[in-house]
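You will see two complexes here that share chain A, one where it goes with chain B and one where it goes with chain C.
After this line comes the complex of A and B, so read on.
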């Protein structure tokens, strides 16, 4: 949105597009990442004789940590799918014409949006049963499933807000035009409003996914064996050598950076592409 | 007060709803300490993250290419990695590299405790978002205002401090508000490095009393109220600082 004026007025606030990280492409990032891991390893290479160097130890453990990281991604994708499905319904509830539905959806959304993710995760972890009995069938509820449910609660609330915001952001002329063409409310919503909203919802939705991916490490606090837990265990089994701490935690940081940074760039690109030009 | 405490004790005996932090003095003190630690951690992080945001946004407007690159590198690094891993990295990796100091009992203790590391790491995390928020506000200030200040002989620092920043601050308050709410919610992460904040103390209490459900519901409500107070305060401030005719 650009207003052309020579007058010294305060300009409309534009969401700042973050600059690319030193203007790097993904192949550069990979190199930087490798240097960043190897760097500390070399710096702490004065390990006592008879012990492996930190780099060798890290290489030994890397496959396990990568497996843990993939588990993180699985958690994030399932929580996102689950949260989006329920959140979309909740968001539509927020724009319902029935006052009771509208108010209750609003309350649920605000409640889960304002609670810290970690507290919600604890909530799901401790308050869900470890198995449920349905008609004599015992369905087990493993830790990771509870983690997915716990993480999808805040996702649900945020998706609900995204849906509501996108619908609200459409000019009311769209509704009025549909009404004058004798569309029912249901038809207006499905055929006219929501298809236009998808574009607007995509960037914030991707942002949310990136935040969720970064929140999956919280599951380590409640004992799901994902990358952070495995890192802790790997460090413990190496005898808690202090020179290993920086490379190992640095490695986890980089895993997330390599995964989340392209998503962030892609989101910025989408925002630019879908920007509404007035 | 005693009557209220007694009422909750009776409530537990009659219905089984156990809220020990309301009738037991020891648990009450733990919970109050936890609440104060959360508030203190939030305030410290709010303060430093805003400072980081202001300084970072100023550096981003610098004419040196490498200063700008350094700041954008900082932003991207802290925005795209999990805050919990950052916290662990600061506390375990950097914390063990720093020299140790002698404590009162003649033993060795790290320079920064867990509270300090939580404050440092969370401030840097929220600060990365604040830099971008402030920057977008600074860009909203028209060039001619800055030119007018230059013509009046203001120095670069004075222009930023006295003219650009006050105007930008009013514009970015809603976005800042959002980020600060997120920051308050993120302070729960300090639980992971044993900072005795509210979640940690609640955990201690439910471990002693086996009343997970009650403590959980209380925690959710407590954070709901904490965030609510912050949001209403910021909204009031936003209204008071509103630029007439803008937005």
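After this line comes the complex of A and C, so read on.
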């Protein structure tokens, strides 16, 4: 049955279009493709004859750059793991009943949350020794390890806030019900509160991971040989040809986009899913 | 002095409670014997909920005495966990644990808190779910149940701890009218089984039917109390009369 009507409210609801692949429509893919194609083309046009084309140069260097990028991912995953572990403890400290624990956890969280990541990275780089002497054994403390520690500081502070926020967001009735059933505070936290918080913490946590991954390039400033450092070195060894800049850095951009974008989409999807349940 | 069933199970004497400047309870005294069902009624903000929340130490009091089976609650050294094993509570907002099924909600506390054997607890829990007439809903999550069903699970959850007394804090106030009846019926079943119940309620007809004793509170004091017949037919205090005339 069809109605003839001008009233928008009377019109049938527009069917939800099925979500395109990763939320990308053809025009988006086109734009990305154009960036990927035009960059090298412009570069090619700028290239003086007689030299290898920029694309060919990039292909030569790509395996090394990819290795560098994988190193970025290793830094990001390690810093996330370390930061999450310490941050979770700090977050629980923030809801402790012991005032001293609560206040000091709060202060540490605020201190590292309101500091620029780069400064924290420098802080870790130059404050930590290059090797540790334990019982006569010299354990080297390489730059990349310092970078992981440096980057895990802001992660720790942000995770701490995520944990605190999630615990706070639960209705107080959950605590009261648990109390009235004679659960201890620890039991309440582990059996009732935290399991419910995991869902709430996942989207912001993944968001944080995405930001961290993109921030790993900061490690190049302190000399860790991750993808940005390697790109710079590759460009230098090609004699600093200006037409190579766009394809090389474009390639790095693309790597990060391909890695981080699906995470962002997944986060959105999770948020939608949990929004319906709660 | 040890407590016997001849003494009141719950005994409040001159209880004072304030939240900062706001005085909520101004000297409340009442006694509840084992097996009694008492209803506390009164206008909103008269301190009814606070009153029963003090009994299981969810709220502390500033002055006075609360004895539960002879044990002083208003004592910093009181073992709150032991107290709460004896005193169950059902809330207005049900407060079921949404990440657990109905059966798990009922089973969790006996297993984790009382450390009872899991198999026996499950047997008891299934029987309790049957008792609150929710057979078949064992594996449903709270989000899949109606308000009335959730509240009955909450009652079963409280019963699973085998408390000596249960506090009901306006347990039907958040329910749809059509599900109020099923929850009241469940409470009535409990009362008939001899469970000691302290209810804060706005359901006058229900209070009249099941209560052994009715307390009317206003502005933090008990204005009047008595058995239901006397209370509803022969209210003496003008405040009680006014309240009853508004709702009956």
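Just so it is clear, the second predicted complex is superposed on the first by the 233 of 278 C-alpha atoms of A that agree within 3 Å, B and C clash if a C-alpha of one lies under 4 Å from a C-alpha of the other, contacts with A are read in each partner's own complex, and residues count from 1 in each chain.
Note that contacts are C-beta pairs under 8 Å (C-beta built on N, C-alpha and C of every residue); 3 or more make two chains touch, one makes a residue touch a chain.
Everything numeric in this text was worked out from a predicted model, so none of it was measured.
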- Item | First (chain B), second (chain C), both or neither touched by A:253 | first
- Who touches more of chain A, chain B or chain C? B
- Does chain B (first) or chain C (second) touch A:127, or do both, or does neither? first
- Message: Under the stated touch criterion, which partner chain does A:82 make contact with: chain B (first), chain C (second), both, or neither?
- Response: neither
- Query: So, A:118: does it touch chain B (first), chain C (second), both, or neither?
  - Reply: first
- So, does A:144 touch the first partner chain B, the second partner chain C, both, or neither? neither
- Query: Touch check for A:106: first (chain B), second (chain C), both, or neither?
  - Reply: neither
- Query: When the two structures are overlaid on chain A, which partner does A:214 contact: first (chain B), second (chain C), both, or neither?
  - Reply: first
- Task: Quick one: which bits of chain B touch chain A in the complex? Just the residue numbers, please.
- Result: 68-69, 72-73, 75-77, 79-86, 88-89, 92-94, 96-97, 132-133, 135-137, 139-142, 144-145, 148, 167, 171-172, 175, 181, 185-189, 191-192, 199, 203, 212-213, 216, 219-220, 223-224, 227-228, 243, 246-247
- Note on the structure: The answer for chain A against chain C in the complex is residues 171, 173-174, 176-184, 187, 191-192, 195-196, 277
- Task: Enumerate the contact residues on chain A facing chain B in the complex.
- Result: 8-16, 18-22, 111, 114-120, 122-123, 126-127, 210, 213-218, 220-221, 228, 242, 245-246, 249-250, 252-253, 256-257, 260-261, 264
- Query: For chain C, which residues count as touching chain A in their complex?
  - Reply: 56, 58, 80-82, 84-85, 87-89, 91, 93, 95-99, 108-109, 112-113, 143, 154, 157-158, 161
